[in-house]
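Each structure below appears as structure tokens.
There are two complexes below, and they share subunit A, which is joined by subunit B in the first and by subunit C in the second.
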Partner chain A sequence: MTTTEPTPTLLHRLRGPATLAALLAAALLLLPQLLEPFRLNLLAQYLCYAIVALGIALAWGRGGMLTLGQGVYFGLGAYAMAMHLTLQATAADPLAPDLPPFMVWSGLTQLPWFWRPFTSPAVAVLAAILIPGTLAALLGWSVFRRRVRGAYFAILNQALAAAFVILLIGQQHLTGGSNGLTNFPVFAGQSLYTPTAQTTLYTLTVLTLTATYLLFRHITHSRYGKLLIAVRDAEDRVRYLGHNPTWIKTLAYTLAAMAAGAAGALFVPIMGIISPTLIGVIPSIMMVLAVAIGGRHSLAGAAAGAIIMNTAQTTFAETFAGGWTYLQGALFVLVIALAPQGLAGLATTLKNRLTRPTPTEPDPAPAPAAERSTP
Partner chain B sequence: MAPTPTRTLTALTLTLGLTLTACSGNDTQGITDDTVTVGMIHSLSGTMAISEVTVRDAVQLAIDEINADGGVLGRTITPVIEDGASNETTFAERAEKLLQSDNAATVFGGWTSASRKAMLPVFERNNGLLWYPVQYEGLEASPNIVYTGATTNQQIIPALDYLREQGHTSLYLVGSDYVFPRTANQIITAYADAHDMDITAEEYTPLGHTEYSTITNDIARTEPDAVFNTLNGDSNVSFFQQLRSAGVTADDTPVLSVSVAEEEVEGIGTDNITGHLTAWNYYQTTDNDTNGVFVDAFTERYGTDRVTSDPMQSAYNSVYLWKAAVEAADSFDVDDVRAALDGITIDAPEGTITLDGDTQHVIKTARIGQVNDEGLIDEIWTSPEPIVPDPYLQGYDWAADLNG
Partner chain C sequence: MSLLTLTDLTVTFGPFTALDHIDLTIDEGELRFLIGPNGAGKTTLIDTITGRTRPTHGTITFDGTDITRTPEHRIVRHGIGRTFQTSVVFEELTVIENVDLAASSHLTPWRLLRRAPTTPPDALAVLDRVDLTHLAHRPAATLSHGQRQWLEIAMLLAQKPRLLLLDEPVAGMNAEERTRTGELLTHIAHDHTIVVIEHDMDFLRRYAHQVTVLHEGRILTHGDITTVQNDPQVREVYLGRTTPQKATT
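Moving on to the complex of A and B:
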């Protein structure tokens, strides 16, 4: 950190934490007062996507792995939580049979074995993070070991997302099919839809986002973070230097998947639904697009990109019910054309222009050596 | 790597700015002395837009007609239009907005089962009232939804009765891969078991699939008595074209479709589908005075090239049924309106229809139609009397295994 930051004054060093603290205070204290419950709920939803974005910024921005299938990991986390909530809802309703309604209708007479552990909330929460992590680790290890990268890796991720959706829809009696899982009003005996519950969920999401940001920031500033960038820019040289790129990449990919899983688990009680269309190929692309807009080389930029993109989408759709998709498209084109490094890159450029009329040193942001060579 | 205060700050400013813009949406009073706000939520973008926009047009027509006629309880209906964007979360999110921010007295909309399932908890916890206009797979009766399309015993079972009457005992099932076709085919299989009919195949393809030669060749080779088609949307175009190329004619093997209405016939190409069968509760050709008025009003407003279909008609009826219930209750309050639903009767384009208060479904007549060479659908069979909705198929012994 000290190597790239020129003469860090005390003020300089405090500015980062101070901004973060101010943001956190505003998010936790101010917004719940300012926003009506419905808006707060929407914001919580955007923050979930911001957590996914942090993971993508780590794997793609730092590691050069174009993770076009994050919907799968988001979905695994979401389904783990949704399965638990569905079981809770079934247990809470004295009139309902012992099984979720879609299973009863599909002719099942007992709970499938893999649903049983999800009666426990602890198992559900752990599974929401560990299952995506394990899958990503296995997939990453087997793929990176064979030096699959670039477009091939991106396509593999897309295929994974497509296959996951087909599996979910095809196994209607086990997964709820294309309708997904929904209608779960209670968690741990508490109604999920009281304003207090919604504020609690929002607070939890803000804290998870902050924790993920701090963790990933720590990681990117560590020795491992430098190695990750080195692998992104020149994988073969890193290999010649005696490091094993496979585990370096697998770790970042796994962490990104775990962040997505955690986001999915938070998303479900907030939105009250998860279904295959929310996690397929197109949502996965949208998740990456948000990071491209925010700036993939900056964690904060990526998170902000997710929040901005989703807020813009809602605002456009509310204002122009008929033609909002054109506005959204225009926003994408504009940002990509004017700021290829995303909004965070634009901000850095502006700051450099303002503070240093004649830029004598290169951009401190770790932009890749050869921008075009990364996928 | 530098800590990124400026970037963070910029991001924060942008984010807050946008969030606050999004939040400054004006909260409307739901009911004033002169107006009553209602919500309309349909997919105006995405894959479902092509179907749902027609339904929105029908709802809009009904609202305008009612407003021109003095409104409801002396108040003009003010619709707030939202885009469901062919995405369940968006439907849930927009529905929440309609109920909480706009204080909509009632909401018209939804098409896919997934969008309805997503909105259901929103309407239940806000005690709103949703009017859902599309035939669906049944197994639902929420106190906060009124189902104005057919449930399975008003569409699928009459269709099977018809095929059996015609002596068709072997059926080939083809459908898009989502909840409605899969559930419909469970019912069809149970019906076939109980009535000595034979299911020769059960094939699913992803939504939007266009390659059907394997399936159509299989149909040509195995020669089932009839095909029961639950394909949705564009897939029907490819399916019927390729079926024709495979040499299968409506005379040899009629295809009975439950998701192909007047609107879709045009897209499929009349040549490809002439003579094949459909099952609905309404056709543009349905012969009565109310339908004449409805079709004239619709084509006058939206153009003579437009057709009317069952979901459009059900959506149009929704508005009139709601008006009648509000007037019977003399209140816009959801609980009062719900209490007044039972027995509400209107003269609809499909004929006289009555609301069943227990299930909040509509008692309606089933109709089998045959596509004619003008692209319209002629009624060739009608259920002897209006069918009482039975969403859980409790009145059918053979369906006992299905509803547990």
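Moving on to the complex of A and C:
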């Protein structure tokens, strides 16, 4: 028997990048022309959730860490950006006092210390990514070092999401409470309410999604990516290869949190509001649910799952308001029961059936002989 | 020169004493077989050396360094590798990827994050040694039981350890596979120190030179295979009970 090394042909190797380029071109050139501003804005929101989904696919799909609290990291990114936009709005309004209105109503006379750095847009953007990253790294390191995993880790994440919401609501004078933060007319001197601004935000989201996808794709193809799978399937065995699972898991968890933070920061100017109801326990579960339906083992599947689920949610909510929740539940049960690998798994099965109808058929595109390795 | 020294090693699980004041020395270049009836503490001994179980009392010294409290992955990096009774390989990864991960523990995180080569030459060389080259790009899940055990040995060799601890490497293998494994062991023993736990008497007779017998957490006796086999104490606790064919030897 010869070594059955997969040697992709040039056509095969170009298919991935070509698909990506076509999708990117369609998203950037075609969709802004075709969709009315309202729909484009909605799509931009879904793409933000797709960025979160990529992180979940890395941490959960590859690394086996059920991240049931991504709303926290999404929220931290979102609030970092929202704080900056709130301060901008206050500064732009000549009639308003120096404080955001909700602080004035709460009786504050001075801007709280931790709000001050957020007057700078650069600080806000960096904080939106680095604060979730740092929190996830600290939490991950301490938890994975003690070998907390599985359901305990998932519950811990849920508790974190619940605690975060309680903190936001409880500290109304500092965070805007359950109303959240809203009314963001300007960013870096530009009005956010014009169609051009919205198209720019959409473009930025598409590019962030693409960059995150490419980065995570590279990671899954590295040795580290294989180690992540190894840790997911047999963590203890990995120790006896001389690797330390603690840092392997912490890194994936941190990257997922940073992606969620970036998505949150993009989401705020697009959506125009951030509040605890958008980032709590239920939204966190929805983020994981979308990945389960799209296919957690595939980055593209996870991102597609987030876009499909959110599109479906809007479409169905427009037609029959209450019914969506039930349909979503039914869909989840169906996917778990019939296609545990999600839509991406279904697609792979289908493709395999179509491309390999008869195993005796000769190789349709034989690779150059020189490229084949010999045992 | 002694490579591994266990001094007064004791492991207790609640009221049960798994290892009872063990003193044991393994010399550089040795091929040592460890036998004993079920529950004698053989696997616990390997678990304790590799950090999976922590001793209640006593010290473990490897190559002059005290490794009694060292984390598992660091013990491996010191140069002690092990296999498990039930082989664990990463089924979703290919055979060569399994070996490659074992060979890459010394790489920095930064290098681990770079794109992995499809056919790393080091991993391929090790696969060649256990004769699994033709399966290099198969998922490990498709391997037979014997092939899995050899893959584990390949993963072990890829770590470039100085001391190999093998827990029942021929359990569940057929006669042909046993012979192959025995030859592989003899071959590896040329440039490694090896400790093998084994139950199979036939296998022991063919490949063992130095044998240590464990019984109820203590070292019962030690010596070459013929001496050990003829030791009346050993016959009573171990051979007499498990091998009916002792009359013929």
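The rule we apply is simple: the second predicted complex is superposed on the first by the 350 of 375 C-alpha atoms of A that agree within 3 Å, B and C clash if a C-alpha of one lies under 4 Å from a C-alpha of the other, contacts with A are read in each partner's own complex, and residues count from 1 in each chain.
Here, a contact is a pair of C-beta atoms (placed from the backbone, for glycine too) under 8 Å apart; a residue touches a chain by one contact, two chains touch by 3 or more.
Owing to the predicted nature of the structure, the values given are computational and were not obtained by experimental measurement.
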item	value
Partner chain(s) touched by A:271 [first = subunit B, second = subunit C, both, neither]	first
First, second, both or neither for A:34, with subunit B first and subunit C second	first
Touching partner for A:221 - first (subunit B), second (subunit C), both, neither	both
Subunit B versus subunit C as contact partner of A:247, first or second or both or neither	second
Between subunit B and subunit C, more extensive residue contact with subunit A	B
Touched partner set for A:43, first subunit B, second subunit C, both or neither	first
Contacts of A:237 with subunit B and subunit C, given as first, second, both or neither	second
Touching partner for A:312 - first (subunit B), second (subunit C), both, neither	first
First (subunit B), second (subunit C), both or neither touched by A:105	first
First (subunit B), second (subunit C), both or neither touched by A:174	neither
Residues of subunit A at both interfaces, subunit B in one complex, subunit C in the other	1, 4-5, 221, 225
For the subunit A and subunit C complex, residues of the former touching the latter	1-6, 218-219, 221-227, 229-230, 233-234, 236-244, 247, 251, 373, 375
Sites on subunit A touched by subunit B in the complex	1, 4-5, 13, 15-20, 23, 26, 31, 34-39, 41-43, 45, 97, 99, 101, 104-107, 166, 169-170, 172, 177-180, 182-185, 193, 220-221, 225, 271-273, 275, 277-278, 294-295, 298, 300-301, 303-304, 307-308, 311-312, 314-315, 317-318, 321-322, 324-325, 343-344, 347-348, 350-351, 364-366
Subunit B - residues contacting subunit A, complex	1-12, 14-16, 18-19, 21-23, 25, 44-45, 81-83, 85, 87-90, 92-94, 96-97, 100-101, 113-114, 117-118, 120-122, 124-125, 139, 177-179, 182-183, 186, 204, 206, 401-404
For the subunit C and subunit A complex, residues of the former touching the latter	50, 52, 71-73, 76-77, 81-82, 84, 88, 90-93, 97, 100-102, 104-107, 109, 111-116, 118-119, 133-134, 136-138, 155, 159
